[in-house]
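Have a look at the structure that comes next, please.
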């Protein structure tokens, strides 16, 4: 399946992937200013940017074939869509036990405790379809959406 | 050993002949009746030995990468220009700009050298070029020097004669100069200071001096009669503070 | 008003050429009839002819055709000629008064040979001397213009429709084995007879239909080699290119046509290695002689006739043969007028020359890329 | 006692608070540390003193919240003591330094390209449609023999070595050190893809770039950095750099801070040392010495590569060029006074040299007068800004052009002219790995390629309009040019007529 | 092929999904002694606290069994296993033949023999029904004593606190969560729990349940007595191996399985809390009673039952435990001789992070308060990655990949 791959040698560490991720997961899709100023709670970015200058890179859920988070999920909220391969957390069923946080070898599951305790993670912007918005908006082509090489 | 009579030959033909021979695996070439033939040994990367009888032309061994050239006579301007490797032994004098931008290899001159010798010589990693001059050197010796070793022995100087000309080491920002004898402060570039030799210096010098003695059949004692002084740059970046951002 | 040479005047045209490759001579009537058919391609502001083999009695002398503005300059020129040449003959070119031809200058011809001691003094060969003389007169002497300078050939031209010019010059009274003709459609009046076609240098004459967009690139290239483009016409430039490549560089005809109308790079890329190397060299070295822009051109020389189109054929041309005759014209009708049933008629491709050499068994149609053709040209 | 600086910020940063989402992209991206996030007030604050107006923050700001404008502070109006003149004195009074700047001359001198108009066909000859008919831009650079000898369908003597360009545009010399490896990779890849050349400048050839050898012109300059036998062999041609339009007559220093490991390895000098390029080549003190170096290089490469000599356009450029041609150079590259630079003393950049338009016209004319124009190819550079400049240059007599500033603009340069600081926020003129990686060479190559292709199309359009379908027919075709707003003298030097003539 | 699974929790569901990944046709039967479709056992404390509604208890959607082609036999439960006949005899007498059998009966609460345990209001805390009955007896202000400060006891305490119950925990060991936390961690955890009102008695245990009919108090080994309204026995869980008694299936502490989850009898597999399998940390086989382990073992067994080939040898303990807003994760472990331990402790911030390393490989960790991205540590344990060059960085509040060697980072991060 297509995944998001970062080329750290070209990641400028600007954080725009996060800005667009937040926007994409807010109620004001496509409007960054509203997403930031009006959404409450403001969604967490599902993409993690790590920086240790000069190194920087962003990281999203790898949507593992053998997804530890899915197997470990105590509620069954975390599921891998058999058709698309995308691992999605059903936040209505998630109770925030953080077992997924404990087992994700990429550290790609985030805790959102603003309203309810739910685990949030990259959903490949599946709802919008097409190229995930972090990839689309990376100003330096540091993120690629492609099949594994 | 292949002998080539260069008399009447154009340099281009001579050099092509040399390149051909070397590429065919000839290890030693003797050139006779050389007079003004330029670019001998230019860019030569292979191990080969070229013995020149006569006066080779300018840019002898320019861009040379590995061969050995011995000149029985004097060499003209631009010898060892941007040379990267190999050895040149000149049984006479060499003229101006010897070893310009030289990055590797060694040059031994039995006699005197001209102006701007070793200008912009530089070293890099294990490449530590060296020029050893038996007699005296002209002005601007080791100008811009950035690396490597330059040695002047001052053999056979007249009593009042200086071992180097003026502006010695001007703009120098790397490398070491060894002068056998003393040098007047007013002869030095403002970027250079005189320091005394350490034991390590003596070791370094030893090797080059032994080579010199061996190549030119000079007795080592003759050289050891007089102590060396050493010139070093004050600063690796003499022009670091010259500019103001606009 | 500025006259031709002081300004550059773009023109449209009609051209026609007839030759007998066995060298059999024929009268000027045919060529006049041929060019007359294409009356509408010219506008009465220029017409002219080149005729080869017309002066057998003076075939070792250079036939200088002069336009003089007045008698004074004629006398000056005659003195200059005497200084440099042995003059075998000199006379006014016979003309026929015509209503349609006005403001004719004095038109004279001289059959001359350069004096040996002059050649020795200047250390040049005969032809180069003649070329320089022509250049000098045409660029430096006001009121005199040499419009023809070859051996056993002559150009006849003026301001008017070509058929009127032909009549004016009484061309039906001459016999030649190769005739070319030109009807001109200049955008403004040249005001001067020298501007008409053909343009000649030595025995090379050029009639040309087209506008050379590379004019200044070609001109400046030529001027490096001593040519002086006094007329600012494309025709002049073509004649000089031809002279330079053929006479001065000694290149074979096929190379010349490939320099002037070279194949495209993508065509060259498809050739075999040897051809590619040659064609690349021709383009690289003679790029300044690539004639760019629309043209169809007829070059006459004592050896024959060459017709050439620009590479993308922006101007028309058609060729035909019958027996020993080769015809080339802007329109088919111009050929049919004088040869109603040609044996073979074809449209040369862009950049593909039509070459007719005297004494050759067949006029050669030259497809650009075959080995065979090269041999044919070289032979 | 610390000296209070009298130098006020050149730029003003306006942050639209309605739009700012405090995402800190600006903070993150500014290498000059102009923006900072104040945690206590949850505000982003901009301190303008260090702002160079590179527009990085403006461009990346996802909400368009930032505007940078000229600082509206004005000294009392004075046409003589302009704000810049005063500012320069303050800086020099505070530092005692030579004023250093980057990129090309920005003075309001006339741009002659803009006073030249092109011709087009109407009626008497047809314009050619380059979209559907062949339109050849292929250009060969190198010495052309005066004649060819072809016997029995065989070339009797091989052509001297030629560079073959698919379009008459090359990337001008920019060294690794002055610009980042990613920038060079971008240009090298674009050159390869589009069939042209890039030039190493005096920075040596990084090991990653040897694969681009066929599209490389390797430069030999006075410092001889990174010059060795393999390097000379690696390129398609060798260029001896005598001078550069932005700083004719002077050498250059690459400061030690920029000599990081890769630069050091490529230039073959120790890490952290200044790379000093002397003003002259110390083996060239005369025209015959130039010949000596030209042939030294030819000998070293077996006469297989054309040798170019690059000079700055100076007053007697025509005579110099003629000498260079006679010294055996195959290509002469002339760099006009608007040429770019990574670092040049301001006063030199702005006051030395002549416009490339004049230099080109004069050189071409002179070489033709001497009938040696054919022996050498002419490449010009020095602020070629668009395809029309190129068409005009070729019509004036150039074989091809060098572009550098335009190429860097294509890669993202925003002309802040601070290349010499090494803090290029666009990852171009920097060796800071944090900054250099901002230029993804794949995107860079694509952008540079796009520029070349766009210009190629435009050149083809203009040629087609003139009724020309091969670039050689434009070369020196000055009849295609007309001057506008020029004096008689200027027209005469350019060798063109006035519009309407 | 007929598959039969005894038990209906994570291991069973894992097995169904494992089987169906290989065999789309075979018939499957699940035999459960609980009247529910599979629900999440760890959720019972949340249910009790009212944080999870009834409909959110289920581990899989309603249509799961139908979609997977599983016949669910609820309630009666398996009574006996006739190995030779390949038949399970349900308690109601129904017989169910199988070709492949999975025993996924899980664990059962360990209830020590204490006097008076038979009284009302004595509960275990293991099944949904346990908390349902517990919920009926609760009211705010009542007092509960929990025996055991392990994972179950702590989660039970949290739920009861939510409901306003006064909670005391009696623990034989000297600290809370002794199986999961070391002393330093336990001290912090205890402090957190105490701040929420839990009272602890350590080093003691209940010897007698007091009261008549209903629990009224407990007396302790120390001689102390405590009043209470209810007692919850949360000492631990042992494998529920009852079904295999007398079958010849090899049982140690749990049913012994190989890496394919096969028991000593052909065609019979075991998985989950009932199974004793290979693991990452200990040389000997172990029962690792945690949900992820159960699921993976079940899945492994399922794949193998259906003819595939899968093995599971890398089980190790791991826990994510919240106590109100205080978060703890841990995984793997062991320590002492031959182990290197590095840690960061900021007691006043309640931050603690400890790594247990052996042969330059991470064997276990404890993370208190900041648990984000600790899955990276779990992953390092699982794959036994050499961490010498970046182990210190793993102690950071949020561990990441930035400090890793580039090649390893790319390999691990992007695979």
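Here the chain labels run A, B, C, D and E in written order, and each chain numbers its own residues starting at 1.
Everything below uses one rule, namely that contacts are C-beta pairs under 8 Å (C-beta built on N, C-alpha and C of every residue); 3 or more make two chains touch, one makes a residue touch a chain.
Source: prediction; values computed, not measured.
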| item | value |
| --- | --- |
| Identity of the chain that, by mean CA position, is farthest from chain D | E |
| Chain whose mean Cα position lies farthest from chain B | E |
| Innermost chain, taking as reference the mean of every protein Cα atom displayed | D |
| Centre distance in Å when chain A and chain C are each reduced to the mean of their C-alpha atoms | 79 |
| CA centroid of chain A to CA centroid of chain E, Å | 29 |
| For chain A paired with chain B, centre-to-centre distance based on mean C-alpha positions, whole Å | 64 |
| Where chain B and chain D are represented by their mean Cα positions, the distance between them in whole Å | 37 |
| Where chain B touches two or more other chains, by residue | none |
| Residue numbers of chain C (touch at least two other chains) | none |
| Per-residue multi-chain contacts in chain A, two or more chains | 56 |
| Pairs of chains found to touch, sorted by chain label | A-D, A-E, B-D, C-D |
| Partner chain D, residues of chain A touching it in the complex | 7, 9-16, 18-20, 32-33, 36-37, 53-54, 56, 137, 139-142 |
| Residues of chain A that touch chain E when the two form their complex | 5-6, 8, 48, 50-52, 55-57, 59, 62, 68, 71-72, 74-76, 92-93, 95-107, 109-111, 113 |
| Chain D residues within the chain A interface of the complex | 18-19, 21-25, 28-29, 60, 62-63, 427, 432-434, 437-440, 442-443 |
| Chain D contact footprint on chain B (complex, rising order) | 12, 15, 19, 38-39, 42-43, 45, 58-59, 62-63, 65, 77-78, 81-82, 84, 97, 100-101, 103, 116, 119-120, 122-125, 127, 143-144, 146-147, 171, 173-174, 236-246 |
| Residue numbers on chain D that touch chain B, as the complex places them | 88, 91-92, 94-101, 220, 222-224, 227-229, 232, 253, 255-256, 268-270, 272-274, 276, 278, 282-283, 292-293, 295-297, 299-302, 343, 345-346, 417-418, 420-421 |
